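Each of the two complexes below includes chain A, the first together with chain B, the second together with chain C.
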Partner chain A sequence: MSYADTSPAVMSPRARRRRIVRRRFMRRPLAVAGFAVATAFVLAAILAPWIAPYGPGETDFNALLAPPSAQHLLGTDELGRDVLSRIIWGSRASIEAGVMATLLAMLVAVPIGILGGYYRGKVDAVIARVTDVLLAFPFLIVAVGLAAILGPSLTNATIALGIGAAPALIRIARGETLALREEDYVRAAVANGASDGRIILRHVLPNMSSTLIVQATVLIPAAIIGEAVLSFLGLGVQPPTPSWGVMLADAQSYLSEAPRLAIFPGLAIFFCSLSFNLLGDGLRDALDPRTRR
Partner chain B sequence: MGGFLLRKAGAALIVVFLSSVVVFVGVRALPGGPAQALGGENRDPDVVKAINHEYGLDKPLPVQYVKWVSHAIRGDLGLDARQLPVAHTIVTRIPITLELAFLSVLLGSLIGVTAGVIASVRRGRAEDHAATTFALVGLSVPHFWLGLMMIILFAVDLHWLPASGYVSFRQDPLGNLEHMLMPAIVLGTGLSAVLMRQTRSSMLTSLNADYVRTARAKGLPERIVVGKHALRNSLITVTTVIGLQLGALISGAVITEQIFVIPGFGRLTLEAINERDYTLLQGVVLVAAAGYVIVNLLVDVVYSLLNPRIRVTGSGP
Partner chain C sequence: MSLLEVEDLSVRFDTDDGSVHAVDGLSLVLREGEVLGVVGESGCGKSVSFMALLGLLPETAVVTGRATFAGRELLGASSSELRRIRGREIAIVFQEPMTSLNPSFKIGSQIGEVLRRHLGLSNRAARARTIELLQLVRIPAPERRIDEYPHQLSGGMRQRVMIAMALACDPKILVADEPTTALDVTIQAGILDLMRDIRERLGTAIVLITHNLGVVADIADRVIVMYAGRKAEEAPVHELFASPQHPYTNGLLGAVPRPGPTLERRRLLEIPGRVPSLSEPPVACAFAPRCPRADELSRTAVPDLREVRPEHFVACFHPGPDENLAA
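Coming up: the complex of A and B.
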């Protein structure tokens, strides 16, 4: 940390702000813990082939529904598959759905929201109505419908989750743009004769980035739970591909004999989404100039 | 006030109309098509043609749409694959889901608002931390998993509550509540977490407002300052949040009813999808979308009643 203290005499405002934000973030133990656990889940997803003790479909017929032991730390399921390994492999589907659905929602919603907020008038009115219509469809109904049209798969579940998250994000991006438009530096840029594209890319978008980052940390855990729900209903990841939702669906038949089959994958979902939520709360507090320290 | 409500109602009508178009087009985009679903294995082109003709599916899409909507307005949503009227099926299923939703909103807002008020009054103390942690856990826990855990604990291990199923309230009020308790808790958890956060933050704002300082300066007891002055103003935002959470509530009802085997509206949606019953599906989705819009309109009305500024200026969110 020593290099952080030898601050250069002159720092750009952005670098100084980044440093303040980092410092405020590091002062929150829960946020740092959330960041660490979230990183661990992402690493587990990437490194699954190397760190999982068994393959995701590897069966051990000598240990069906076996309780936790030295060979199988979290026990095995009804086909003798190692639960710990399947949870590690299953993190791939969850992280992929969480990140990709959030990216998709951003790519769809942010340009639309900015357009509405920046040009206002008729464009905005049309966008607002369309958003209202999209909001009237609960995300699960959209997801169920898309799975029915496109067929159930992780990709289609991710698309459904991304589209489901878009309307709320459109509203947020629109609101931010409406506020940023009135800022002095935007007026100055307009007076300087800057083009709309330049104002949006250089002034509006960078200044709403902290809001978008915080939104992303809210959307990722929501999409992770959403993926689990869809896979649980048979509308997402298809067996034998491991996924926490699929594991929970399978576990439903063994609630009395082997409740741990339902406990462990659920704990994985819980801790994964909790870590992203903690990270998001920490970032929001650190990025918000109104909160002190 | 009247103008404000009229404009809101007009916007809601437009949204319902556009939703009906989306539903209609969306269902037409499903693979297979209604004729195949009805004809089953029989793919004889003549049979498919006959079915298409019988259901008017050989007419142009706009004609089909107008026919569907004009019937829907009169409460006729057509016949499902089993030749039962869709509207009737929906009407019999909705009360079950409404009861579930009512109980979970009741539980969720009681717990959420109470916890939020306590957290804001005792800011920074143990109660605040407990409530904030509760909200964080409530937001992070997958609710359907919470349902499975409650089944394991209260039904499988302790035998306190039935694991699944449904008894109508009229037949057996106590049994009905026994069956509904776990689903309502599962569905209400997320809502209570969101409401707790919202209540806490708007309470903190109102507790710092001038009128609260005035109330305290007048020497009013703290109970009245918090309850009458601060909480009343915070409840305005809380109502809006309940309206906005309705979509999440409908989505939640689908999976909650699936886990606890409750024959409600959510389960009907999944049945319609799984059985590829198109008439049923478009009816269900249309009713869900219209319900969402209507409830949000009602929320706007309540909001304008609670917030005099909107009534006077006619503006507002």
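Coming up: the complex of A and C.
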């Protein structure tokens, strides 16, 4: 972009561009914090067996509903299970649902959106109207409905969340395609004898990738919250498997005696989704080619 | 020998507000290794004609006529046949160099893609050939530029890259649609120089679509002047400038500033009026409303193309050079 930046001329262009994006990102403290916290949650999910002080179902009958102490940093629940350990194990369900649901939504929505936007015509009109109708229902309502039909389990909850998120993504992918297909370089590629498939793979998809990356960081926290909601309602993860939503549901009965049982998983949901949102905001600003420096 | 023969090409766009006749009965011949200038105001159908030949127009366009390229019929060819011809045998360079390259890929990979697709070259061979091509279009330090992204290049450089991409498969015809319009004058000269060089070195026939007579005078062998979708005049370039016959050509020449040895000032002449709307088929000479020579005949009949001098055709009832211009 600018020859005035301080990067050495010997760097490859790709490395230089990456460096500019990284620097723009690093300049935003909230984005960096979001990145750090999100990474911490992902690591906690992966490393749960090694970093959690107790097993997720391990009970200590000497400490039922115990307040925070040296043995149990965040206290224990009504069955004497360590709350910190269950939050760490519970992050697995949340991250898995968040990431897999987003991937599923991308896999379903992006091809449909691109094909509709690229070929236009009757099929596209049907796609556009159907997404409009689906978008009239709130995301969580669709997800709850689908999860209820599919039956309760983490996999089904993930599928429900992924499908529920698809209409919004279809609309985004379709809109981007409509704009990209009019670009001069697409016209030039057609004039150079490129086939439709090649134009889609080389000219349309890569140029919408930053939009899709940003959308992913918006969808992941939405799906994390969605998983908690479904699990809370009994449509997602089934007890005794830990999940933040399940913990919240269990905490209801003890709200007056031990409100911390609801507060700690609530905070986990809050910080986890907030961190992904901040990460997404930072990425959007850093990847936006219109902001130069 | 003629490479491309177009006969009676017509393009009509059917829109909700009625149909528009963008090109009306255009015939032309392009010989091997020849530079043909196609000149006219915006909207006279010069770009549309060539887009139509390559099947690049939207589906609302109705194209009729016949066009033979190297013994093959272009109009009505299947889309896969056209795709093989596009880029490989007839290549196009567009007007907008700033936006005609994909911002997400290095220029080397974009030129290389054409080579791999049309010629089936390996990555290594494609890279070597790409460096050659960048050299051919006189981009300095091609070994380094090949790994740069479009945003790192200037407009003139990008246009050179577009030309390199168009030349990648050694096409027989290069259609350059206003290739210099978006560029600075000094850069324009460089690009024209390059095109002349390409014709001499590779023997590529070039169709130069432009509204700039100066550009045509510089490199074309033959010129077609188009007006309102029809051919107004066609002549070898020297003949056209020495003895313009159509009043429209005269008007265009009058609008070109010409520095002379004398400091005598000559006002630039404008052509009064505007290009007519093309919504109805003509019943009169399309230029008549703007023409100083128009009479009853011009307003009631469409002039046919006549050969007024050897190889010099004009569609006008009152041809001849303009006296005002002679000065």
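Please note the rule applied: the second predicted complex is superposed on the first by the 272 of 293 C-alpha atoms of A that agree within 3 Å, B and C clash if a C-alpha of one lies under 4 Å from a C-alpha of the other, contacts with A are read in each partner's own complex, and residues count from 1 in each chain.
Here is the rule we go by: contacts are C-beta pairs under 8 Å (C-beta built on N, C-alpha and C of every residue); 3 or more make two chains touch, one makes a residue touch a chain.
Note that the coordinates shown come from a computational prediction; the quantities given were computed from them, not determined experimentally.
Superposition model on chain A: chain B and chain C are shown accommodated side by side without a clash. Legend: residue contacts after superposition of the two complexes on their common chain; A:Leu135 is shown touching chain B, with no touch to chain C.
Once the two complexes are overlaid on the shared chain, A:Pro206 sits against chain C while remaining clear of chain B.
Applying the stated contact rule after C-alpha superposition, one finds that A:Gly193 touches chain C and leaves chain B untouched. In the superposition on chain A, contact of A:His72 is made with neither chain B nor chain C. Once both structures are fitted onto chain A, a short way to say it is that chain B and chain C open up an angle of 90° at chain A, using Cα centres and rounding to the nearest 10. Contacts of A:Gln252 after superposition: chain B is touched, whereas chain C is not reached.
Once chain A of one complex is fitted onto chain A of the other, the partner contacts of A:Arg181 are absent, as it touches neither chain B nor chain C. Judged by the number of chain A residues each one touches, B leads among chain B and chain C.
By the document's definition of touching, of the two partners only chain B reaches A:Gly145; chain C does not. Here's the short version: in the overlay, chain B gets within 15 Å of chain C at its closest Cα pair.
Looking at the complex, you find that chain A touches chain B at residues 129-130, 132-133, 135-141, 144-145, 147-149, 221, 225, 228-229, 232-233, 248, 251-252, 255-256, 259, 262-263, 265-266, 269-270, 273-274, 277-278, 281.
Chain C contributes residues 54, 56, 83-88, 91-92, 94, 96, 99-106, 113-114, 117-118, 147-149, 151-152, 162, 165-166 to its touches with chain A in the complex.
Against chain A, the residues of chain B that register as touching in their complex are 11, 14-16, 18-19, 22, 26, 29-31, 136-137, 139-142, 144-145, 148-149, 151-152, 156, 163, 247-248, 250-251, 254-255, 258, 269-270, 273, 276, 281, 285, 288-290, 292-293. Of all residues in chain A, only 1, 12-14, 17, 183-185, 187-195, 198, 202-203, 206-207, 209, 289 touch chain C in the complex they form.
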